[in-house]
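Chain lettering (A, B, C, D and E) follows the sequence in which the chains are written, and residue indices restart at 1 in each chain.
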Amino acid sequence: MDRTSIAGIGLGLLAIILGQALEGGHLASLLQPTAFVIVMGGTIGAVMLQCPLPVFMEGVRMAAWVFRPPLLNPMDTIAQVVSWSYTARRDGLLVLEGVAQQLSDPFAAKGLQLLVDGVDPDDLQEGMEPELEAYEEHLRLCAKVWEAAGGYAPTIGILGAVMGLIHVMENLSDPSKLGGGIAVAFVATIYGVGSANLIFLPMAKKIMVHVGHRIRLREMLLDGLVGIARGENPRVIESRLQGYFPKLS
Amino acid sequence: MDRTSIAGIGLGLLAIILGQALEGGHLASLLQPTAFVIVMGGTIGAVMLQCPLPVFMEGVRMAAWVFRPPLLNPMDTIAQVVSWSYTARRDGLLVLEGVAQQLSDPFAAKGLQLLVDGVDPDDLQEGMEPELEAYEEHLRLCAKVWEAAGGYAPTIGILGAVMGLIHVMENLSDPSKLGGGIAVAFVATIYGVGSANLIFLPMAKKIMVHVGHRIRLREMLLDGLVGIARGENPRVIESRLQGYFPKLS
Amino acid sequence: MDRTSIAGIGLGLLAIILGQALEGGHLASLLQPTAFVIVMGGTIGAVMLQCPLPVFMEGVRMAAWVFRPPLLNPMDTIAQVVSWSYTARRDGLLVLEGVAQQLSDPFAAKGLQLLVDGVDPDDLQEGMEPELEAYEEHLRLCAKVWEAAGGYAPTIGILGAVMGLIHVMENLSDPSKLGGGIAVAFVATIYGVGSANLIFLPMAKKIMVHVGHRIRLREMLLDGLVGIARGENPRVIESRLQGYFPKLS
Amino acid sequence: MDRTSIAGIGLGLLAIILGQALEGGHLASLLQPTAFVIVMGGTIGAVMLQCPLPVFMEGVRMAAWVFRPPLLNPMDTIAQVVSWSYTARRDGLLVLEGVAQQLSDPFAAKGLQLLVDGVDPDDLQEGMEPELEAYEEHLRLCAKVWEAAGGYAPTIGILGAVMGLIHVMENLSDPSKLGGGIAVAFVATIYGVGSANLIFLPMAKKIMVHVGHRIRLREMLLDGLVGIARGENPRVIESRLQGYFPKLS
Amino acid sequence: MDRTSIAGIGLGLLAIILGQALEGGHLASLLQPTAFVIVMGGTIGAVMLQCPLPVFMEGVRMAAWVFRPPLLNPMDTIAQVVSWSYTARRDGLLVLEGVAQQLSDPFAAKGLQLLVDGVDPDDLQEGMEPELEAYEEHLRLCAKVWEAAGGYAPTIGILGAVMGLIHVMENLSDPSKLGGGIAVAFVATIYGVGSANLIFLPMAKKIMVHVGHRIRLREMLLDGLVGIARGENPRVIESRLQGYFPKLS
């Protein structure tokens, strides 16, 4: 569990609620189905129009990473690559063919298979790079679902506020309703600016950090395979791979 | 059919209409020819001034991609390239000359012809790159028609609103018309902000995804031709090309 | 003549005028010397302060490209380079010395002279690149005159509006003048936002497209000269150069 | 002590306080717990949601650098590297093993160990680069804590102001409270815009300068180690390393 | 003297003054010590907090370049480099040692010394690059002092305006003072937006052009030294260096 995420969302919402209470306002005056329909409907609609369906679905699913970060064990991967490198030195590359067929990660399996096939180190690097780039581009596109929501929500909040103001202005003849009407109109702004700045944009940034780790893990794996293909010393490979995820003070 | 696009546009517009209804306003008060003339006329005018005519026309035509995505079959192209590579191995490059002359895609035909002419792999890569770059730049320029519209529409919407406010202010002597006048003025903002955020900008992003796929398909094709020129193993070529469009979970 | 540019500017201005007419306002209420002096004076002043004089003058002159696009005949240049390449093959490089001295374009003349001097292909590339980069940077700087104008105009329009509002507020004692005063103040916003979005920014983008073509033409020329220096087949050179300006459907 | 930082913060706050005094307002009217709770709670919440915990903690700690800049002695590091280079020339690389084990900086220790192990210069460069990049990315991520705070604070300030305005509008029936209510609402804007522009954003920029120095110090160290591995002349190494932190007039 | 700069600042300020006069307002109503204290104090404070002291001082000094452009004589530098190249051809590199010791520019002196020491051309390039990059980064950082001022001034202007509005709102009971109070509040916006758009930002851009020339001059010098180290023909060196500062029509 990523408790900082939960504390962050909680603190942001609490600040709004507490602020409203301290001002002597009712929380109920911030709850308004109309504004909610406009801001959330418009934002989701814009994001759906922007994203191909698989990207949209994957992006939505990535929200879970904010609270339950995906398990990445770079140390396990390093240990694995280093053990392959010892095996390759001792028993030759062909012995790794069985390992390749049992790997669950198709990227690692493909790379190890190319290694077993005796492909040149440079060709191994070049042969895997298109997939690495496509993977990176796909993950970033998915993570941008939340960045997009954070971009559309405030402007659609303003749209909702202007719609509310139009409604108020058309009924100016009854001044007693003026204030209440404007108050209602402004709630759409709260929803748009609040959801973007307290939820969508920070989530997008945290997801992007996890995406960066995933991509770096694959870069590290490929670097290790190329090292084996070059016949590098296993200890040199291990030392270099550990640099991808250093212990930072 | 890209149903997500249709659902996205539908959801966005529905949110506006439903919101207006929930607030007890008439939909008619959001329909205003004057605001429409200013915002759409100004936006189209600005985009036309910005874009050379062929770019403008192509950009407008690309809007169809949002709802009916262009058919790209990377797997077919891979199969084709791999079959050429087997032919080249078995029967020599010259046999491919007939194939080159029958290809409908001029980019593929030109590349295959250079391959048949026995051009060096590096020269093949360099010889095709200017065209690849010009193609990429042209497609991106066309896709930016919608990004531009999404950039101009909100500011021209504000222009329309200010024009409306000027009209209202000049007639302040009749206060009973004040509210209605302001309401009318604000509709231009709705048109500008709404069209940009619910339609133009999301469309631009989705078109850009399709543009990215088109460019990647040509990069993949060229990569395959260079592989054949290098005399690479067809299975190695196939494996590398598949990485351009990986199956992503 | 670039009719799309004329149509674009015309459509944008027509939308404003027609919108004003449809609202029942007089066009005269949008014509205001004071606002014009502030917005245009401030914008021109800021751009002059920003740009060295030759850049400013060249940038202003580039505005003509928007309506009368500069003639660029890449096909002529390709034919020329290809004919040089045949001459070099048949009669040797020295024969081109006479050609170099008669070229009106100093960039082409310098490159051809280096070629005649028997400079290494890589050194020819490196020897011309500083000039290519300086040329590109200069053209982009000039084209940014209009981008800068489009950036300053709206904020100076707001400056003018605030100045107008200050004037109105100081004379609040006479409420009958309030509306008219605010109306006048807002015209500065119209001038700033309108000139930027309907004229300056779209012009800047179209000029940038022409600038891009000019730069690409020189890159193509240099690529051809390097090809001749390498002793490449004239047909290979022609095929590669045509890729710089492909026929795009 | 970085007195410019202290003077900068002091001058900014003094300008606000003095300005308020000159206008004849009480400082107390700018002190408002509600606005403070909303703006600071919301901003901290958003930043916590955005950043993984170690990044957040490290970023907060970096604030100390603004007032007490971290001691970086590039000249000491250069002297150290140059002395290693003399030792390596005189006594061979193996003598440095003892030095490597006593270094407190793990990055320098790892690099020196690779050097002692007799790794190829290019492999030394490549072997250390992943760690250099991970370090750079981590530091930049931490410094962005303050950039993020500077981005969220103004919009959350507007959120607080809109909440205040809603409260005012709901109680329009008592006009005597109108002015005071609006005044209170606006204080949230002051907090958001002020904290961002007078504190958070300038701090982020200054921290980024220190981060840049740290990264450059490591690049310099690695450059020196590679130079030793290449067997370069110690004086050439010293001259090149001094270029990383030149005395600038 | 850069007369365009003076004309630009003059025109911008004149537009404001003339505009105020044409509207029938007094210039005095735009002169307000309180707003000046807030906007200038806040802006200078923020810039000081952002910049290390030497960067801040150098950045402030660069303002002189806007009116009195620094003398850069690329043609002199080219002549110098070409003469060194003839000397090196005729008398050998060692003769240049005396020249190196008399150069006032430490960058040129260091480069020439490395050349005299017989360093490899590639090592000469690499050995000078860290200093070139540090120099470029330092100059750009200094020039950003004015960009930063142009970024902070408008938001601090808004801060001042909101402070003024708070003061007005607290004294709503006396409506006769309302207009004047709002007028005073708005002057802070004029100062912030005006100083940024008519002075700070255009100055920053012009300074950046001069910075670009300085950097290019050093790149040209280094390119020439590397050419001498390679034993290139002096005429080839001259032709290439002239490309860094071409005569542009």
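What we mean here is this: a contact is a pair of C-beta atoms (placed from the backbone, for glycine too) under 8 Å apart; a residue touches a chain by one contact, two chains touch by 3 or more.
Predicted model, so just to flag it, every value in this text is computed and none were measured.
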{"item": "Target chain D, source chain B, minimum contact steps", "value": "2"}
{"item": "Copy pair chain B, chain C: interface residue numbering same or different (half cut)", "value": "different"}
{"item": "Separation of chain C from chain E, taking each centre as the mean of its C-alpha atoms, in whole Å", "value": "24"}
{"item": "Mean-CA-position distance for chain C and chain A (Å)", "value": "39"}
{"item": "Chain E, residues touching no fewer than two other chains", "value": "none"}
{"item": "Category of the chain touch graph - line, ring, star, complete, other", "value": "ring"}
{"item": "Ring walk, chain A to chain D and onward", "value": "A, D, E, C, B"}
{"item": "Chain D partner contacts - residues on chain E that touch it in the complex", "value": "33-35, 37-38, 40-42, 44-56, 58, 106, 110, 114, 117, 119, 123, 126-132, 134-135, 137-138, 141, 148, 152, 155-156, 158-160, 162-173, 184"}
{"item": "Chain C partner contacts - residues on chain E that touch it in the complex", "value": "2-5, 7-16, 18-20, 22-25, 29-30, 66, 154, 176, 178-180, 182-183, 186-187, 189-190, 193-194, 196-199, 201-203, 205-206, 209, 212, 216, 220, 223, 232, 236, 239-248"}
